[in-house]
Structures are given as structure tokens and as C-alpha cells.
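Think of it as A, B, C and D in the order they're written, each chain with its own count starting at 1.
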Amino acid sequence: MAGSQPVRIGIVGATSYTAREAFRLLLNHPQAQVVAACSRRDPQPRVDEVFPEFTGRVNLQCEPIDADALRGRIDVAFLCLPNGLAMTLAPRLLELGIRVIDFSADYRLKEPADYAAWYDKTHTDLDNLAQAVYGLPEFYRERIRTARLIANPGCYPTSAALAILPFLKAGLIEPTDIIVDSASGISGAGAEPRPEHHFPERHETFEAYNVGKHRHMVEIERTLDPYVRGSKTSVIFTPHLVPMERGILSTVYLKPTQPISVEHAMQVLLETYENEPFVRVRERLPRTSEVARTNCCDLAVRVVKSRIVVLSAIDNMVKGASGQAIQNMNVMFGIDEKAGLR
Amino acid sequence: MAGSQPVRIGIVGATSYTAREAFRLLLNHPQAQVVAACSRRDPQPRVDEVFPEFTGRVNLQCEPIDADALRGRIDVAFLCLPNGLAMTLAPRLLELGIRVIDFSADYRLKEPADYAAWYDKTHTDLDNLAQAVYGLPEFYRERIRTARLIANPGCYPTSAALAILPFLKAGLIEPTDIIVDSASGISGAGAEPRPEHHFPERHETFEAYNVGKHRHMVEIERTLDPYVRGSKTSVIFTPHLVPMERGILSTVYLKPTQPISVEHAMQVLLETYENEPFVRVRERLPRTSEVARTNCCDLAVRVVKSRIVVLSAIDNMVKGASGQAIQNMNVMFGIDEKAGLR
Amino acid sequence: MAGSQPVRIGIVGATSYTAREAFRLLLNHPQAQVVAACSRRDPQPRVDEVFPEFTGRVNLQCEPIDADALRGRIDVAFLCLPNGLAMTLAPRLLELGIRVIDFSADYRLKEPADYAAWYDKTHTDLDNLAQAVYGLPEFYRERIRTARLIANPGCYPTSAALAILPFLKAGLIEPTDIIVDSASGISGAGAEPRPEHHFPERHETFEAYNVGKHRHMVEIERTLDPYVRGSKTSVIFTPHLVPMERGILSTVYLKPTQPISVEHAMQVLLETYENEPFVRVRERLPRTSEVARTNCCDLAVRVVKSRIVVLSAIDNMVKGASGQAIQNMNVMFGIDEKAGLR
Amino acid sequence: MAGSQPVRIGIVGATSYTAREAFRLLLNHPQAQVVAACSRRDPQPRVDEVFPEFTGRVNLQCEPIDADALRGRIDVAFLCLPNGLAMTLAPRLLELGIRVIDFSADYRLKEPADYAAWYDKTHTDLDNLAQAVYGLPEFYRERIRTARLIANPGCYPTSAALAILPFLKAGLIEPTDIIVDSASGISGAGAEPRPEHHFPERHETFEAYNVGKHRHMVEIERTLDPYVRGSKTSVIFTPHLVPMERGILSTVYLKPTQPISVEHAMQVLLETYENEPFVRVRERLPRTSEVARTNCCDLAVRVVKSRIVVLSAIDNMVKGASGQAIQNMNVMFGIDEKAGLR
């Protein structure tokens, strides 16, 4: 892209936390620029009214969500919308030649039946669903390069998949005996105030939620499935809430098909991620603060009795959302993959 | 009260944070018992549905707010209601012979004009307003003993008045050059979720609010006024929000009428509170955590250049609300003043 | 104990967090009183110098740790000492007729070889080790009644054992496929400042630690073992650190020996704890804030695919330490088991 | 600097929090690069061992602090050292032609007597002290351009001076009746663990400290003094500690020499900072989270009774330390002042 124009980005759903994080990260992107912000609010606010930290730094007035109004003005749309809305907007954007990175779950599950079962909606854009690429660059980089529609992965699935796939691909673990025990900061719940996230309720407490029922459980399985021959994976997923703003740590319990040493397990991770710019395999156990505001995923592994235990830390708002979207955009537009994400 | 029946309490507005704190404190009160809980919800919840920590510990079904339905069942009502509602309920309760401790501001300001100006409402119960006693036992204990209606003080005014009154009473400070700079935990904002108290917004931030406009500014002044001859006090009050659940620290700047030593200032505090069970005058600077979940007010004093600086810490939910209400109740009913508050 | 003298308690290791919590809880105990506080500090502080919140509430000067100096003055000693020290002190206290509740791990593992392997010390008091009773009243109440030496359980093992034992006793789960994934507030690390618990490092982060190496892993197994015929249990235990002061949530994954419904699983818990004053079995998922500062253990259960998932919440400082010690004391001295713990 | 080599920076005292923040900010600086890191540790660590978040991002091995070893390798040294050490190192660095930005207090107070009185040390580098420029670009930009030695301002003084100087310069306020009431996040206390900053002690508490004795009180006065004719200023300064990582909010009480409207006060701020890239004057009250990780200072003003109340928020680690250092460096080296600080 040397010498070329910067990529022009439209952020749709500009008042969400993932939009906020995208604005923040893109302030430092040398080859991309947010040129449009769309929201469902009426009246439309300025971005720095919604997020006052951007006063004097982001100079954008929100506009209504209207694909045609974006024609010719943007190269790529970041869809930061609730599940179910993206699939009503993406088709027209794609027709207009605008590439789409969708932050919702709409294009993540290839089987419409899964979507219907877990999201309680009928999928209405099957054509694009078939074409969408799951935006996990560590495993789908080549397909991302030419993709026009990216299903940006969920936060928990990103942390889980990066921990599990190396072992699953290598055939070292039982695909149906996987436990993912995760904990997330509260930004993952979004910008909408809710009684259970009122500060005095959320501060100084820890809890599990949606045990066995979280939608990311099926997303993790479907992300793993292609790497198992002749069968499906089975994952037990338990998310927890940590009284902090951001970060996810997943503690993943895997059953090796035969005894494995911790050195071997470490080697599997090191080899898988040898050339990856954002995955750091380390001896030291990860902490979410060490990946906060970065696009890094930190991994460590232990063998405890009959299990491989993989620890995986990301920032749910960066590698788990907006950072990964930018990474995907960089790959799609042939920009240095680390641009804006150093 | 030896040998007598426990005081029967009705908590009206049972789903508020101050109600919750009263339920918690009264679990340990040897001579009082909550026997009724009233709320405006429909359908009426059990107390342990609203506050699940009370499961198996508080066995009460909420009932509608109806003074007559409480006749003969309770000795005292704790009114944990929004400003403006208490004055519609208290008159009938008093008629029924039920004593009232009002947590709202309805009976705190003796001048109806003040109430109208600051609370934007016309006071509708002037008779009882005239009889109400401001429930600051350290200064009004004798009147509280025989009171039938207590205006339980505001949280900030409690912390400020206990810091200022000793010096004002002694004529040692300028009454019109008082600055109260306070900081409070978020429980002070109540149980209702608000965007600015959504955990990711409130965590890791500090700010002032309602600068020069907070209603407690006038309450502080009116609490001080009776101790100045021939004039009114003037207080500048700035509240701040601390990302913690509970606690208030007030840093109070007083202008001595003539130079004063720190030893003298300390002596004034020590003498004022010599026999007070809940005010601790100490050399050491106070911290809100040292008064958390207690009815204590910790005070320290310094002299800095031309000012006396008094530091005053309370738990806003205890000495600043429900604990002080219980203290008032103990005084009213001739119980050991520390009962339930050890 | 009606009409009798209060139980006289000596707290040894009076500057620890568990001592602090015992002092706090015992302020409200109607039939017990702390009459001695012993520490290793020189010079010896007052308790309220170390913990200023007790100013005016706990009036005790610390004294050196000397069993003979306590003769005749106390009925029971709470040993809040590091591992390895309790076993040097308990023998003499017991000889003097003082009952002992030991907060350390010294008397928890019946096999000296386990102690040597996990605590890197040779056990020096095998006689009393053989007599010590593991202080989990829900399972050992009868033995506690007559015990002279209580091994007060570890915090994580308490939360885990209460979740697992009902199913293990009933023969419903595989004893060698148990995963305990726990998260604790930072008070569990004790009062000694450490770089990793410096506020700016600990705030806003989440991490696992001692994966597969935490000493509570063997304590959990040894607590479960007696309930399995002919074999030993095998537990994988992963502790995590939550940026909060107190609380433990354990998420426990159990493998049923045959398919089980969630209703059946729930029934097992309900029946086991039907008459227990401090275990609350609920449909609702537990949160640590709902047990904070109480001696309660909140349990919920789900069945997810091939596993029973039990959620177990306690306050690590109360049911996980000082509250359980008081519960044990109450049982030992024939006091109402809930005294001081309401 | 177009086309020229990047500025080469040496960070001395590389294991401090201000060093950490400088490393973080400089990752994104397009025209400057950290090429040396010096520490007093033995053995010398890698930067990413001390701060693991920099794994794969900062590739530097620490080296001993030795001015001569830096000759020719760096253009500017950031001295992130305790007070008293900088003045032993700066002279040689300056002799070697290395410019110096000192984060300590060593070159902030022009009067050696002030330094002796407040820092309890005799100043040993009076020549350079006389030449040093106080690095507050909003007021000393021209002198910074040609400075060889910058005294980087303290965090509290930065927040206070930016709030007060506009009014003082305009002669609108009494110079001897100024109250600065500030609150800071805990990173301001540095990286060294201390008992009072142990997580369980610091979480959920608020307190004042060093009331009337903090060294920044004199720094604020000396920063204001040059703007008053014929007299000195007198400031009462009270710092507080907020349970958050970063951020300072100062609430400043100024006495107008004659009545002033809030519109006039606002106008004074707006005009002063009209062209400043990092000072944002707003109607809305500032919050520390809105300046977190930015070099911005947010200001708002109110008039309350007889006082002007100015609210001033900065990130203590950025505008209050490392960001301001980079801003100073940018000015000194003729780089875009916002480089690395967007």
C-alpha cells in the first residue's frame, strides 16, 4: 500500500464499546482512517459526545445507518451491531463494493440450524453466510486476504480456539472431552447499563453465568470441528465475570489421547505460533493485565495429572474484538498486519 | 428496656440500599426486630429475592406501603423513600402512634422556603416539620429521646457537621468561609442503575459532580446556622465520586478567627467527643475502610498555614444512613445506644 | 451454656488477616470473648494499632507467644500462624488443657508423608496429628463436639469439599476425574505485602497461579478419599486470583458414573444440606458478594453435556477461615452453632 | 526533522513506573526510539522481564547507570530516578552533549534553600539548576525549545498549575488564598510495594495523606510565584489516594479579587489554552478516565459563592510524567509536539 491512500473505514454502531475501542486503536493507525460513524440514535450525536475522551481527537458526527449513503465513501465497514442486524445490512454493503467486518455472531456459524437454535432467529442471508470467512488470522490468514466479508470471532472463542487448535490439529487430544473455564471483564457485557452491572453490585464480586448455555459454547465447537476427522467436538464452557473493565483468561482442560510431557505440549504451541505477530507462548503464566490494550494472546501450558491445562489471555476488546478486526482489515488490504496494533 | 419486648420496626422502601443496610445491621440487634417490609413493587417480592444475601436470614414478604396496615404491628417506621414521599406518609404513621425515622430530606430543612428552593417541591406537612428533630445524636441527643419524628441526616452533612460544629460552637472559626471537599463511594447514588455508574464507566475513574449545586450544601449550612449568633453560615461544598462501594471522607477547610495551634484544635475535638460512643478523634489520618460497616466517625485535624483542616470519615450507609437511624432509634426507645452497632 | 461464663479465646498470630477477621466476628459473639492476643512482633503492638478499625472496639495489648503464659486464662486457642509453627505450639497448649483450633495446614493431612511432600517439612507432632479432627462441621460435627484439636480446613478445600462430597458419598461420580477451578479474592494471600499484590499490579487483572501445584490440591483429595471405597480420588485444581478483597467461587466439574438429571443432582444437594445452618442450596447461581462477611456456603448445580457442574461460593475469610473456626468452637463448647455468625 | 534520524532515547531507572509508561508511549512514536535502558539492579534484567507486557515488543537488556557508556549512543536521557540521584548523573550527561529530561524533583525548585528544606538534601549541582527549564510547555514552550536540561514537573503541580496560572497571570485572584484539593491513583506511589498499598488494604478505601506536608505543595507555589508581582503565593495542598491505578483530579479553590462570572472565568481558560494541543477546556466536569493514557489535561470551571472552583484532570503517568516528558522532548528536538501522544 506504499504511497496509496489510507483505507477508509465506516464504523456502524458507533456508540458501542467495540466501536469505542476501534476509534481508540485507529487513532494510531498509519494507513487507515475512520471517515464515517453511523448509529441508531436520534438525534445523532457526535462521537465525542458519547465518548468524551475523544474530545479534540475524533471529529465525527454520527449519521443514520444507511448503506447507500456510504457508497464510495468507505472501503470497509466495521459492523458493531447487535446479533441479527448485521445480516440485514451486510448484503447491500457488499453489493456496493464495501468490504464488511462483522463484529456480531451473524456470520460465524456456518450452519443456519445452529444459528436458529442458539440465536433464536432464522438466518436471512445464506449466500453471504456461505462466503464469510471466520476472522482468526492465525488459522485463516490466506482466506482472509481475499475475503469480502469477515465474521470477526467472539471474544471467548478467540481465547479458547488459540489454546485448543494446536493440540486438536496435531491429533493429540480427545475432541469430545474439552472444558473451557473462562473469566471476563465487564466491558464484554456492552455499554448498556444493567442492574447486575451497577457499580455497587459488580464491584467486589465473582460469579459464573450462563453455565452450559452461553452462545459462545457452540461457536467454540464449530471453530474446532473442521480440525477433527469424522466427528464433532464437544466442549463444556463456563464463563465468569471478573470485577475489572477488560480482559479474558481462559483455563482450558484437554484430555491427551496418550500421555504427554509438558515439554512436548509447549513445543506444540511454540511451533504453531512461531511466526505469529500477536501470539506469545511463554513459560510464565499469563495475566490479563499483560495483554490489556494490546492485540496479543498470551499462552502457557501445564500438564496436571491426566490433563493438559492451557492458559490463554487476551484483551476481550482488542484481540477479542476491535483489534482482531483491524488485524483482519490489515490482512485484507495488504497492509502490515501489525499496523495500528503495536 | 430490660425484660421488655423488642422494638418492632417496619422498613418502608425495602428495596433501597439504605433498607438493605438496615436489614443487615438489625440481624445483630438484640432488642429490635424488623417485622414488616413495605415496597412500591408490584408484585411484591420477598426481601431475599431482592437481596439474595439474606436467603435464610431475613424471612419477610414485602407488602404495599399502607400506614393503616401497619397499625399496632410496629413501634417505629424507617422511611427509606425518595424525597417528597416521606411527607405524604409520615403524618398518618404519627397519628397511629408509630414513631418515624425518615431517611429522606423531607424533614431536614426547617424552612419550607429552603425545601422549595432546593428540592423543587412545596412542603405539605409543615406541622410535623416543625416538630421533627434532626437526628444527629452527638448534638441533639436530648431532643431525640423524646422525639416522635426524626429527620435522619444526610450522609455528607453528617461527616461535615461532626467536623465543623466543635469549632463553630467554640466560636473559633469564620462562619462564612468554610469549604467542604468530600468524596463518596457509589452506594450513595442508590440502587437504581444509571449509565454513569455502569461498572466499566465507574471503575477506575474519579470526578467531582454537582459542584456548588448539591442539595447537601444547604443542609450543611442549616445544620451549622443554629450555632452562629446573628448570622448565617456560608459553605462551599464539592462532592466527588470514588470507585468504591461505600465510605465518605470529607476534607474540611476552616478559617480560624485567630491563629490556632494544632494541639488546641485537637483539644477542641477531644473535648467535644469525649463521651461519644461513635466518634473517634485520633492523631492518625482517617481512612474510609477503617469505618466501613461501623457506625463510627473518625476525625483528625491539622493546621496548614492559615487554615484548620479537619478530616472526617464515615460509612455513608451506616453513620451516614442506616446505622445513625438505629442509633437514633436506640436513643428514642431507651435502649443501649450501641445496641446492634458494635 | 446458659448462665455459664463466656468461652475465653486466645488468638495467636494476632496480626494476620484471619486473626483480624476473628476479632471482627467475635465482637458480636454473645457467649465468647477474646481475652488474649499473641504475636511474634517486637515490640508488641496493641491490636488496634495493627488494625486501626478496632480503635475503641478491641482493647488488647499483644503479648509474646508462650503457651504457659496462657494457662488458666483461655479455654481455646485460635492458632493463626504459618504452616510449621502450629505443631510446635499445639502440644503444650493441649497439655495445659487448652483446646486448639489450628488455622494452618499442620493437622489437616493425616499422612505425615503427604505433609512432608507438599509442605517440605517433617511433621513433629504425630500423636496429636492422629487425634486432630478436620473441622468441616457439615461432615464431622459429631467428632468435633468432643475434639480437643481441630484442623480448621483450608479455604479452597472448604468450597470444593462442600460441592463434591454429596455426590461422592452417594457414589454418583467418578472419583478420579474431578476438576476444581477456583478463584479467590486477594485477602487469601495474607497480610504480607508482595510485589504481585501491590495495588497497581493487582487491580484490573486476572490470572491463574500454582497450576497443578497448589497445596490445597492434596488437601481436597485427602478430604474426599475417606468417602471412596478401595481407591483414592484424583483432583485437578486450578486457583485464580480475582481483583477483590474477599470471596472464593469454585466451579467444579464432576463426571457422573451414569447419566444424571439436573433435578436429581439438585436433590442430592438439598438432602445433604437440609438441616445445615450455613449451606444454602439454590437454583440461582451463587455470587461471592452474597456470602461476603457471612459463614454461608452457597451452592448451585447444573448438568452440562457429560458433566455435573457445581458452583460453590464462600467468603474465604469467614467460612474459609475464621467463621468456620468459630462454628467449630461453638460445636465444641455446646453453644448455639450460629452464635456470632448470624 | 523530516528525513532525519529518529531521536535516540536512553531511559535511566528503567524499572520504575514512569519508565514503564515511557516505554509504552514510545512504542508508537514515529520519530523517536528507546535505544538504552539503565537500571540499578544486579543482575541486570531485560525490560520485558520486569514488565512482561513488553514481551516481543521491547527488546532491551538493561545496563548499569554509567553516563560515559551512553556517550554517542543517545541524544536524550530520561532520568526516572529517585530524588537526589539525578543531580549526581545529569552533569556528566550534559557534558557529553546528551540532553536531559529529569523526572525527579532535583531541578524543579530554583532556590537551593527550598530543596534543602523540603527534600532534606543539599543540592550539589547549582550550575545546572540555574539553567534547568521547568518543563510545562503551556507556559515555557519557548525556553524548552533551547533547553538542554528539563525539570519535568511533578504530577500534582502539573494539574494544579494548569488550573491556576490562567487566573493568576490575569491578576484575577488572591495569590495567598489558594486551596488545592487533589486525588491520585496509586501508580503515583511508584512500583515499590508498601504495606499501605497492599491490594486488600488499598482496595475500597479513600484517605488523605501528608496533609500540609507534601513536597508538591512548595513546587506548586514556586511554579506560581513568578506570575505574582512583589509577593509570594501561598497554597494549601491536600492530596488523597483513590483506589484506582492512574489519574489525578485537582479541585482548586481560588478567591477572586473581585466578583467574577462563570462565563468570564471560562473565557479566561479558553483564551489561555486556545492553541494548546493537550489542554481541553470544557463545560462538562472532567473525569480522570477521560484523560487516561492520554497527554490531555481536561479543565472545567465553576463559580460557587465567593470562590472560583477549577476542576483539572490528568493522567498522572502521562501528562503528569512520561507523556509530558515526551512532549518536552518533541519541543526540544523540533518534532511535531503531538508525535507519539495522539
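Simple rule for what comes next: contacts are C-beta pairs under 8 Å (C-beta built on N, C-alpha and C of every residue); 3 or more make two chains touch, one makes a residue touch a chain.
Keep in mind it's a predicted model, so treat the numbers as computed, not measured.
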**Request:** Work out the mean Cα position per chain and let me know which chain is farthest from chain B.
**Result:** A
**Fill in**
Interface copy of A-D among C-D, A-B or B-C, with over half of contact pairs matching by residue number, is B-C
**Prompt:** What is the distance in Å between the mean C-alpha positions of chain C and chain D?
**Reply:** 47
**Item:** Cα-centroid distance, chain B relative to chain C, in whole angstrom
**Value:** 37
**Separation of mean Cα positions, chain D and chain B [Å, integer]** = 40
**Message:** For chain B, give me the residues that contact two or more of the other chains.
**Reply:** 185, 203-204, 243-246, 287, 289-290, 292
**Request:** Classify the chain contact graph as line, ring, star, complete or other.
**Result:** complete
**Fill in**
Within the complex, chain A is touched by chain D residues 27-28, 30, 52-53, 55-57, 203-204, 280, 282, 284, 287, 289-294, 296, 298, 342
**Prompt:** For chain A, which residues are in contact with chain C within the complex?
**Reply:** 177, 179, 181, 183, 185, 201, 203-209, 211-212, 234, 236, 238, 240, 242-247, 249, 251, 253, 285-290, 292, 302-307, 309, 311, 313
**Item:** chain A-touching residues of chain B, taken from the complex the two chains share
**Value:** 17, 185-187, 191-195, 197-200, 202-204, 243-246
